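Following this line, the structures themselves.
Okay, so chain A shows up in both of these, paired with chain B first and chain C after.
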Partner chain A sequence: MQVFKTYFKVAKKHLGAFFIYSFIFLVLLNLFVSQKTDNPENFKTSKIKVSVFDHDHSNLSSSLISFIDENHEIVKMDEDIDTIRDKMYIRDVEYVLIIPEGFEKNIISSGNAAASELAQHNTDKSLNENPYQLESFKFPNSVSAIFIQSQINKFINIYSSYMILGYDADTANTKTLETLTLEAKANITASQSEEISVSHVYYTYICYILISSIVLCIAPIIIVFNKDEIKRRTNLSCVSPFKKNLCIAFASFFFMLIILFLFVGISFIMAGNEMTTGIGMVRIFNTFVNAVMCLSFAFLLATFVTNENLLGFITNFFGLASSFLCGIFVDRQFLGKTVLNFSKILPAHWYMNIELELTKYEKLSEFTNSTVKTLTYGFVIQLLFAVAMFAAGMVISKTKKSA
Partner chain B sequence: MFLHVYKYRLKTIFRSRVDLFWILLFPLLLGTCFYTAFHNITKSLEEFNTIPVAIVCEDDADLTFFKAYIDALSSEENNILSATYTTSDEAQSLLSDKKITGIITFKDSIPSLTFLNTDSTNTSVSQSILKELMDSYIQSLDILSNVEPEDTESLMAVIANLGQNADYIIERKLTDGNTDYMLDYYFSLIAMTCLFGSYSGHSCANFLKANLSAQGMRKCLSSTKRLTLILGDFFASCTFPVISNIILIIYLNYILKINLGGNVLLIILTAAIGSIIGVCIGLFIGAIPGIKDSLKNGIMTASSLFLSFLSGLMVGGIKYKIEKVVPIVNKLNPATVITDALYSLNIYDTHDQFFTCIAILAVTIVILCTLSYLMIRRESYASI
Partner chain C sequence: MSASVITVENLVKRYKELIALDHFNLDIKEGEIFGLLGPNGSGKTTTMNCILSLLKYDKGVIKIFGQEMKPDSYEIKRNIGVVMQNVAVFDELTVYDNIDYFCGLYIKDKATRKQYVEEAIQFVDIEKFKDFYPKKLSGGLLRRLNIACGIAHKPKLIFLDEPTVAVDPQSRNNILEGIVKLNQAGATIVYTSHYMEEVEQICTRIMIMDKGKNITTGTAAELKKMIKNTETIHIEILNLPDSVIAKIKELTHVYKVEYTDNLLKVFYNGGKHNLIKVLDLLQKEDLSFGRVYSELPTLNDVFLEITGKELRD
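And now, the complex of A and B:
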């Protein structure tokens, strides 16, 4: 009990740093959660953020703009190159279209010319001897730009086709808009539920937060107990080293539980009902297993790191590297196979395996055999990491003692 | 005497493993992590790739016209589609395995589409392109229905016009810089390295104050002018983060081949000024009396990471969201100002925005230096 009390006396001295970390991490968590996006349930054509600058102010340009407006999101901004660069760089705008003065006039005169050529039985003549009528700003080989450009080109193609057929400008315009209303039917097949929930976002980022908060709060306390002077003094006391170590381990576990309860408690506030389901409970258990691994990591570091700065360096590097390589900060679909294979040596990979598997279900009863297998592997491997780190810590501390 | 102080302080820093880890090694390792995670991301997210599609014909309808349309889209010249003609079951299986973007079912001479739910932006736009192509097919049939079947010349002219694949849009050059928005992560990394200079600044304050370290006590007894001691220590403390930043920039630009955009010398200048800010922050925190060393370290690590987070180190684009809600935070956050300066070097043709950022950083340096100097200049300690 004495060691236990002393542990929390030392912990009390580290409370300032603990509160700073916890506060900042909670702010980070909230910001991470606020980044979540919704997933569409039915097929919707993608809307590209487009800015259009109309210098023609004609019927045709207005029709083109309203066609773009119906299919995409028009973003208004100043026609200034630096503003365009700013907005495009941050993807507030993905495509910029500039309709030059005389656009309608050119199209109509080319159309009339093509129609008169046709009247003279010359079918080789088409509208576009000089096809470059419009100007754009876009990213190289951008899929969004290819999409919207195909629509704009189609609009002009349809309009010019009606011109070739001899319709006047107004009728060609009306018929173009009528034709554009025709669409192919598109369905979404019912696939696995991949809706992004608040609890999923929260429990994805908590992996990064946990490692930093548990290691940076608990390891410095163990380091204090491992200091030579304090160790010698404790060895002189009537408390046996085994009992002392057991007390430290128990106190560390207790402190880890406090940190875990704090973060889990907040998830109940933020995600509400999602956390009271069976899936929510599995998420909490996964976090608990991960927290045990973090505790072992803290123990391992405390055996050979004596400087708090170095401790901060190792923890932050380990936390950030795990987050980037295991799919916490970056979606796994963007990580290469080599990166994903490499990340298997990190516990966060197995934590994320479970978390990603859980996003497919709403109830525990829906679990398939392969899901149960993924979950079991995830839990067992994380625990094995914990055991391995603890064992490595014990070996280092024994070696130090014998030295 | 200045050079003597400078030289010995520099030696101390180079022998400090903690400074070496945090200021030199940590950014290099994190930069490598970024490279591993991000170098493929923009390509996957934004660039166009040929759309794999399965085509299922459900009746004995005449496929000639539709097949010609698909063949044109799949030709080497266009390379928009990669089509596989198959059965309905096989197509469903390919779709479930995400080997194709969608299924085109051709029934009653009309194509319809089936997609899988997706949360990927690129896949979603590819699906939209596929739908757009099928819309175009149906719309082309509608235009042709306006032509009298006997009027073969008009028919041929319209088919020629629709099939010419004309591009009416000419591209204007956006910038000479790199428009990959993943670059923000690297800018934030450079900003973080600058702020990690605070460790150097902190130890500088420790070595100057008699109530904080034995070296501080010794220095207080020295006959050297206090200002010479402060300047020597300060410049030496700045030298190491500046060197670390130069190594980081060279590593990113020339070894990992990340195009940081802009003039490398101006990027280094920005990083150098940013490093001085970092040192000043450390000096300021280190000089605050009555706070324990461990807490000061905690404040420095947490604040460096938090400020870097706000500039986009962990969630790209967060600074633009902050700019919309509380723009003053971006102006006060040195990490964001550093990333803004690097961004302006990359994107703009002129250097107006860049010099504004440098001016903001210079003012911050002056304020922090003045406050720190007021705390560490001639101090008298009570006789005990």
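And now, the complex of A and C:
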């Protein structure tokens, strides 16, 4: 009990790194969750606030207005220069278009070249050599204005092209709108198009933070108890080394559980109902197995590392290598076959195998035999890593003792 | 006759080809402050480690409190306290928590332990620092904390391995006084040190060891009697003629005379009023002299004469 109590007194002094890592992790995780769960199919173009004053009242002008209305937000206001300036100053409107009288008539009679010229916008009416040219008000160097101008130009050019081809005004109007509504088809790769759950993102990244927090919290405490002088003095007491080591092992396991519960608790807050399903429970179990592996790794490091800087270096190297090579920080679809084959020597690879397998299902009852096999392999191999690391630690410890 | 607390018979310990302890024997009685003297590599630490079952040995028998000492002799260990040369405390715990931890490895009862910890803190006089962390303590205070951690559980047998290394003179005196107090309170003490003055000051019996062997054992006075030299007289004198040196050599109890760098050293193996006799001779020869002083043999002289080397090599 004395060793157990002292373990947590020493632990208190090593919690700084844990809190720093956890805080950074949670902040980054929030960003990752919002980014990853964003569906690319929900993309929407931004709308610009536009005012249009139609003096032409033609088919072309009304088509142009309905085209603008469809793609942007039309703001109504009085056609008065002071009102326009005021509204633009307070950003109630970003672009003002004035369609002069006889605009359609001139387009039809002048052909394509003239259409291009007429579509040129001018903000100073006195400079308008052609009275049928479009007039506009915009902010200097405004990207929004350039964007909407290019759309209007495109509309007028297509419209005039149809007119030249011999279509009547109504058909040209309809055809223009049809042409402009044509969209290029973008294929989204399968994994991107799948719905990504918050719990998946959380339990992907938790693998990295568990390595960092468990190793950097627990290994320094074991190192303290392993210091030659402390160990010697403790071994001289009437507490047997076996009992002392058992207490340290039990305290380390308990500490690991506290860290695990903390992160699992946060996942319940972030992912809510997703965690109460069978899949959620499998995720928690996978994380528990991974945490046991991290604990073994901490024990292994504590048997030969005495310097905290070296411990930090090894932990970060292992954590980052696992994260980049096993598909935690980088999607596996972007990793080469060689990299993925190499990553099999890391426990995180098997953790991620399970995590990725779980994304295919919503219920435990949907599991196929191959899924069960993947999960079993993943759990067993992670546990084998844990046993191997623990055994290596024991061998090093025994070798040091006999030396 | 007091009972034996530690008995070591024919202890042999080898490190591959090197024989660290060569049929070593030791008998420490209850209530003693037993000094273990020897140069580096003489086998002091190996002896302590074997006695405490921290090291396996090749041959021999070790008994503590009349029972054979084994790594799992927890009942014996309950009555042993060890103060190691290197400070063995947790940097992460306060002074109080450190003593409480090490005391707690022996004393389970919370109330008793609290009382013992308080007493240990008072004993080494660090009450003002009990909430301090070790990194905030001076070298002397750290040593005192190290002692408190080793003795808080009130052991009957205490091993002190060079507890005054790198300690200022005032702290050293406090520590030595403390050791004597522990002994007066009933503890048997095994004390190893390079500082023979300390050993001479507090130890009731001393063993000189070298090359893993017990060279000799006895009280400081008994050890000094074992050597030829009883007194050395030093006289600063200019241009001492060889004829006078020859006359000094002929004085009774003088067995050796050295004259180098205007310093005359006269070695005696007994006799009384030797200083007066040699000064009389110099006056008769009409020779003037400077500083004059007499030295009694030290444990270093004992060691030098027995082993042929300095104690602190």
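The rule we apply is simple: the second predicted complex is superposed on the first by the 245 of 403 C-alpha atoms of A that agree within 3 Å, B and C clash if a C-alpha of one lies under 4 Å from a C-alpha of the other, contacts with A are read in each partner's own complex, and residues count from 1 in each chain.
In this section, a contact is a pair of C-beta atoms (placed from the backbone, for glycine too) under 8 Å apart; a residue touches a chain by one contact, two chains touch by 3 or more.
Nothing here was measured: the structure is a model prediction, and the numbers come from that model.
Student: Examine A:Lys9 and indicate which partner it touches, taking first as chain B and second as chain C; both and neither are also allowed.
Tutor: second
Student: Between chain B and chain C, which one contacts more residues of chain A in the superposed model?
Tutor: On the superposition, B touches more of the residues of chain A.
Student: Would you check which partner chain A:Asn153 touches, where first means chain B only, second means chain C only, and both and neither mean what they say?
Tutor: first
Student: In the superposed arrangement, which partner chain does A:Val75 touch: chain B (first), chain C (second), both, or neither?
Tutor: After superposition on chain A, A:Val75 lies in contact with neither partner.
Student: Scan A:Ser161 for contacts with chain B and chain C and give back first, second, both or neither.
Tutor: first
Student: Touching chain B in one complex and chain C in the other: list those residues of chain A.
Tutor: Touching chain B and chain C on chain A: residues 14.
Student: Going by the contact rule at the top, pick out the chain C residues touching chain A in the complex.
Tutor: It comes out as residues 52, 54, 72, 74-75, 77-78, 80, 82, 84, 86-93, 97, 101-102, 104-106, 149-150.
Student: Show me the residue ranges of chain A that touch chain B in the complex, using the header's touch definition.
Tutor: Residues 14, 16-17, 20-21, 24, 27-28, 31-32, 35, 37, 39-41, 43, 45-46, 48, 81-82, 84-86, 88-92, 97-98, 114, 118, 121, 123-128, 131-139, 141-144, 146-147, 149-154, 156-158, 160-162, 164-165, 175, 179-180, 182-191, 194, 196, 216, 220, 307-310, 312-313, 316-317, 320-321, 323-325, 329-330, 333-336, 339 of chain A touch chain B in their complex.
Student: Could you pull out which chain B residues touch chain A in their complex?
Tutor: Against chain A, chain B makes touches at 17-18, 21-22, 25-26, 29-30, 33-34, 36-38, 40-41, 44-49, 92, 95-96, 110-117, 119-122, 124-129, 131-139, 142-143, 146-147, 153-154, 156-158, 160-162, 164, 166-172, 174-175, 179, 181, 199, 292, 294-295, 297-299, 301-302, 305-306, 309, 314-315, 317-318, 320, 343, 347-349, 353.
Student: Please name which positions on chain A make contact with chain C in the complex.
Tutor: The contact residues of chain A facing chain C are 2-3, 6, 9-10, 12-14, 224, 227, 229-230, 232-240.
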